[in-house]
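In what follows, chain A forms one complex with chain B and a second complex with chain C.
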Partner chain A sequence: MYDINRAESAVTQQDIKISASKVQVYYGDKHAIKDVDVEILDKTVTAFIGPSGCGKSTFLRCINRMNDTIPIARIEGKILLDGEDVYDRRVDPVQLRAKVGMVFQKPNPFPKSIYDNVAYGPRIHGLSRNKAELDEIVEKSLRGAALWNEVKDRLHEPGTGLSGGQQQRLCIARAVATAPEVLLMDEPCSALDPIATSQVEELIDQLRENFSVVIVTHSMQQAARVSQKTAFFHLGNLVEYGNTDDIFTNPQDSRTESYISGRIG
Partner chain B sequence: MPLSWALLVSLALAVAGYIIGRSRAFASAGTDIRKLHSRPGYHGASVALTTLTPAIVVLMLASVLRMAKVFPPEATGFAGLLALAASVAGLGWGVTRINTDFRARNVVEKIVQGFLIFCSSIAILTTAGIVLSLIFETGHFFQKYSWTEFFFGLNWTPRFQGNSSLGILPLLWGTLYISFIALLVAVPIGMFAAIYMSEYASKRVRGIAKPAIEILAGIPTIVYGLFALITVGPMLRDYFAQPLGLGSSGSSVLTAGLVMGIMLIPFVSSLSDDIINAVPQSMRDGALGLGSTPSETIKQVVLPAALPGVVGAVLLAASRAIGETMIVVLGAGAAARLGLNPFEAMTTITVKIVSQLTGDNDFAAPETLVAFALGLTLFVITLGLNVVALYIVRKYREQYE
Partner chain C sequence: MTDIPMSSEAQPRGNSLLSQDARTRKRNATEKRFRMYGVIAIGIAMAALVILLTSIVSDGAGAFRQSYLSIPVALDAETLDPNGNRDPAEMSKVLTLSYGKVLDKAVETAVADSGIAIEGLTSTDTSNLISKEASAQLRNHVLADPEQVGQTVDFNVLVNGRVDGYFKRRVSMESAARDANTSPQQLQLADALKEQGKLVTRFNWNFITNPDASDQRPEAAGVGVAIIGSAYMMLVVLFLAVPIGVAASIYLEEFAPQNRWTDLIEVNISNLAAVPSIVFGILGLAAFINFVGLPQSAPIVGGLVLTLMTLPTIIISTRAALKSVPPSIRDAALGVGASKMQSIFHHVLPLAMPGILTGTIIGLAQALGETAPLLLIGMVAFVREFPAAPPEGLWDPASALPVQVYNWTQRADPAFIERASGAIIVLLIFLFCMNLLAIFLRRRFERRW
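Moving on, here comes the complex of A and B:
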């Protein structure tokens, strides 16, 4: 095991940020994630692809323990973040989630102003010493999420009044403002037009300089464009995981091949 | 013929009309049922409704006229016959209308819609009637008693020999004071209970506690009143008022306020619980996903999102408190007084309405008529509160839809 890790990191020059082994998730009796082993690297964009309902969101939510909020969900196995088991009883999910940020599949802005939405994370974590610093964080995050120009004159209007795609970018800005070490993004571009999409992809590329990003996407092109590593899920199994180039040009599993060429899914 | 018989017979006619209409529709369609504009059932129903509606209209008119004593009881037989005739005519007309192009479905839907409108206007019309009669009697009162003295008078001393002071202020003060104490008790406790139940309680606790609290809401207020009279009142007097030298009265503002607050707790908590539950889970997820603790999530996201609805709930509770009578009679006494001491007896508008209308009533004396002016004032206050509450609640609903 250890040797393989070393070999892997030698190839990519990166440390392992998250390492999952033998992860199982059950919703009641339904076995939604089966035996997933995966190693997510630091300063890398990892794409999760796979047909709808195969468990991408479920696995993503395991990483920052958001499944704790679903009473019927049960998780087995180990997920290590920087070598520490996130399901260890000593780990505080609150601190974990400050480190592992998340953009949800459905936009969920708070019923607050646009400014307060973005400032929410920095405020609760005390990331700014004064108003000027906070303003700066808010502007930077909104710029990163390609939303600044549209909202700079209405920062104090409610975030719920934005369009669906704008809300999605607001949620991205909100997650980025907290400066997480790992950012989990569940279909962050599903409601965005091509221009906003490419801006968000640019943001993801910038984030990669400091953070590790995991992105769920239904767009093969997007996975190919933004990610260095790709994981293909099918019916709760992790079918194939490897360098994005290899997965798209030379898939090992026939299911992967059919999916990326559009035959299943 | 008694009216109920006429109704029964026209019901039977309607059933017959349904069957006839349906078979006529089948017959006119011939072999291809799709030639019919509406399905045969609608044709049957349209005949049944055109049979029944005229009869019911006639019967209702007749009973209203009889109640208004416009025509003598002997004329009911005639009215019954008239209803039957209308019903038969309706049946005949309905049957002749049936052919393949007849829009029976639209006719049925129109009639049903009319019926629904009728039902909803009953509620509105009766309210309007009640208000009108209140206004009418209040007008009488103000002819006999100056309205400035009523609204601005500081004394409430009705005397049935005449020459009474009927100032509303002491009563209004008592009402607001007691309601204020009740809300001071009910709102925080009810809110915290709601927060616990919707955010922290396990499914099992919730399953037991929520119905239990809702049962509390069904206890008749007179029972709470007894509790105020025999337990809370004497206790407050013996352990607080007398040792502190603040009075020696068993009934007091504080007694009524406390007990009324207890009565309102389930009301506030179950309304707030529903409202907090309506805040989408995704919003909580969003806050938790940014690393906020559950309590931060509640304080900064859930409660602000629920606030307008909770304010609406509080205003509804306030209007209940203002209208409450029994607890005040038994808990706060019947002495009209303008004062600040919460251990003193005071009284409210509702209690005085009751006391002015019990006993021998002379509906020409201002001492009796004042009850209507008091009632109208109360009505306006609670109506205002309810309107504001509903407005706020509606505003809040729009946010998520």
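Moving on, here comes the complex of A and C:
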């Protein structure tokens, strides 16, 4: 039923990159995330699935503290990145976000040139000493996002002039350019057509070699295609977390089974 | 079960699409009516604008043309330089009165030489042909170059406002007959001199460069001091209101926590935008002049008052511009690890720039045309001295364009009505240029992204 061939690549014993325990998120009075415990592995694609409003995006945004920008959001519990609590008082979210890159649902390139889009992160973090090094980072990132061949002749044209799929890959290149350790993707393909989607999915599979990738998706097929680990969220709870094959073929929880068979959500 | 009529051609089941039913007709009529209201409203507005502009231009165009009498003036050395050493310091002791006598003689001679004979022309008519300002003009001219004394120089003398008005069709023979300040004979003389080419009407640069003049000499009045006063105030507003307003908006919009205090501030800013401008004048009088002790009639005080008045406008439009930047851009910047400040200054602010600029220039234009608060801080004073160059000049007395308009409309001589309309034209040209600049900047910044 699901194309899970690619996901079958063995999940060997890997390091734990992110470990969340007893995470609670409140939006004002609303308890949006309840007691989430999850361990995300390094060099693995982890998919968060679940019906709309189940809290998967909220939880994703907790990992790089993007929820800090929402004044009414309140977060409790611990999220450890390599053993360090990202919500520790001493952590500067700016440093954290350099380590934990993010790609958003809607492609949101800066209204600047393609080159400047990719170079922005390295520039503000001081990752290059001179123009040549910056050029190198930009090329490497664009190659990493499988976009180089399409844009190498027009690096100084506006990034907003690209097609939707290219824009999203540009955003991935931009996120990759700051050399993050974790890449968070919030429904990166929901605004893309099937061809662009398959390109981005291929890219995600390649990114796994260097990063720990966490992807939120509405599409169960996509989760099955790209991820090795899947977490199912429902009404703010993490219902089930395990190897993608197991979740899709042999769900333990009845809610997971209902969802993947299309009865809820 | 009803029988379906068997027919080779398809019949519409309900109403035909080709004819409108009552409901549709009514809806369409409503729409048509609404459109008509819109067209009428725009028509009324356009008509009002056209009437306004025509009336101002037809009244004010005359201010840009001025009649001059070109006559040889014998600069009598004994009257103008009694000591005979051509020292400007000593010569300045000679009052304009003496220059007036020199001029009177020059006009009389010129009229006699021209061979014009008009019945009933009195010597007062002849000497009053020229402006009362002319003697001061001549005095400045001579003091600037004392070596001219003793020679006969050709001098362009301003003619009397009535005679000038006659050539602009404001004064007629009939009205002159009833007027103590002129007479039909004087106008006939002027006509004759014009025919001989001694009296010419040409573009009036002095209207733009001259300071105001007293009630008896409308022909010499200009908007020079008012333009400089307005320009100085705009400088003050630009350097105070723009940075303060933009900084306040960025803080309120991007950094300030959402609580009761910021709500209160927000409500107050909106209220301030609606406060009548004269109230700001009272505030300026109390705070800047009475409390701080800044001088009256000074552009610095006017600028400060206009800054207070413009701030809410700039803050509101800047906040609207910041709000209109899509949040996805902020997310994108934060997502690659930009700090809040970097995300705002690198991404949000450039995108909001067209809106900020438009709001700022509209605020400035509003300030440029503002009259009421300036009346209260003494800008309505009669100022003939040009203020010094900034920054010291900001503390010197000056006038402002809208105040000058107000001032001139209060004067008795109808020639000042023409000057007032002329000043309005100057003001409108400045406002038009500012709006043009706003449009240009908006286009330019929009094209960049």
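Operating definition for what follows: the second predicted complex is superposed on the first by the 245 of 265 C-alpha atoms of A that agree within 3 Å, B and C clash if a C-alpha of one lies under 4 Å from a C-alpha of the other, contacts with A are read in each partner's own complex, and residues count from 1 in each chain.
Definition applied: contacts are C-beta pairs under 8 Å (C-beta built on N, C-alpha and C of every residue); 3 or more make two chains touch, one makes a residue touch a chain.
Computed from a predicted structure; not experimentally measured.
After superposition on chain A, the partners chain B and chain C collide with one another. Once the two complexes are overlaid on the shared chain, A:G101 sits against chain B and chain C alike.
In the superposed pair of complexes, A:I124 makes contact with chain B and with chain C alike. Once the two complexes are laid over each other on the shared chain, residue contacts for A:R208 go to neither chain B nor chain C. Of the two partner chains placed by superposition, A:H234 touches none, neither chain B nor chain C. It is stretch 58-66 of chain C, out of 4-12, 58-66, 94-102 or 184-192, that runs into chain B when the two complexes are superposed.
Annotation: chain A residues 64, 66, 69, 71, 94-98, 101-102, 104, 106, 108-112, 120-121, 124-125, 160, 171, 174-175, 178 touch chain B in one complex and chain C in the other.
Note for the complex: chain B touches chain A at residues 203, 280-293, 296, 300-301, 304-305, 399.
Of all the residues in chain A, the ones that touch chain C in their complex are 64, 66, 69, 71, 94-98, 101-104, 106, 108-112, 120-121, 124-125, 158, 160, 171, 174-175, 177-178.
Residue ranges on chain A touching chain B, taken from their complex, read 64, 66, 69, 71, 93-99, 101-102, 104, 106, 108-112, 120-121, 124-125, 160, 171, 174-175, 178. Looking at the complex, you find that chain C touches chain A at residues 257-258, 326, 328-339, 342, 346-347, 351, 449.
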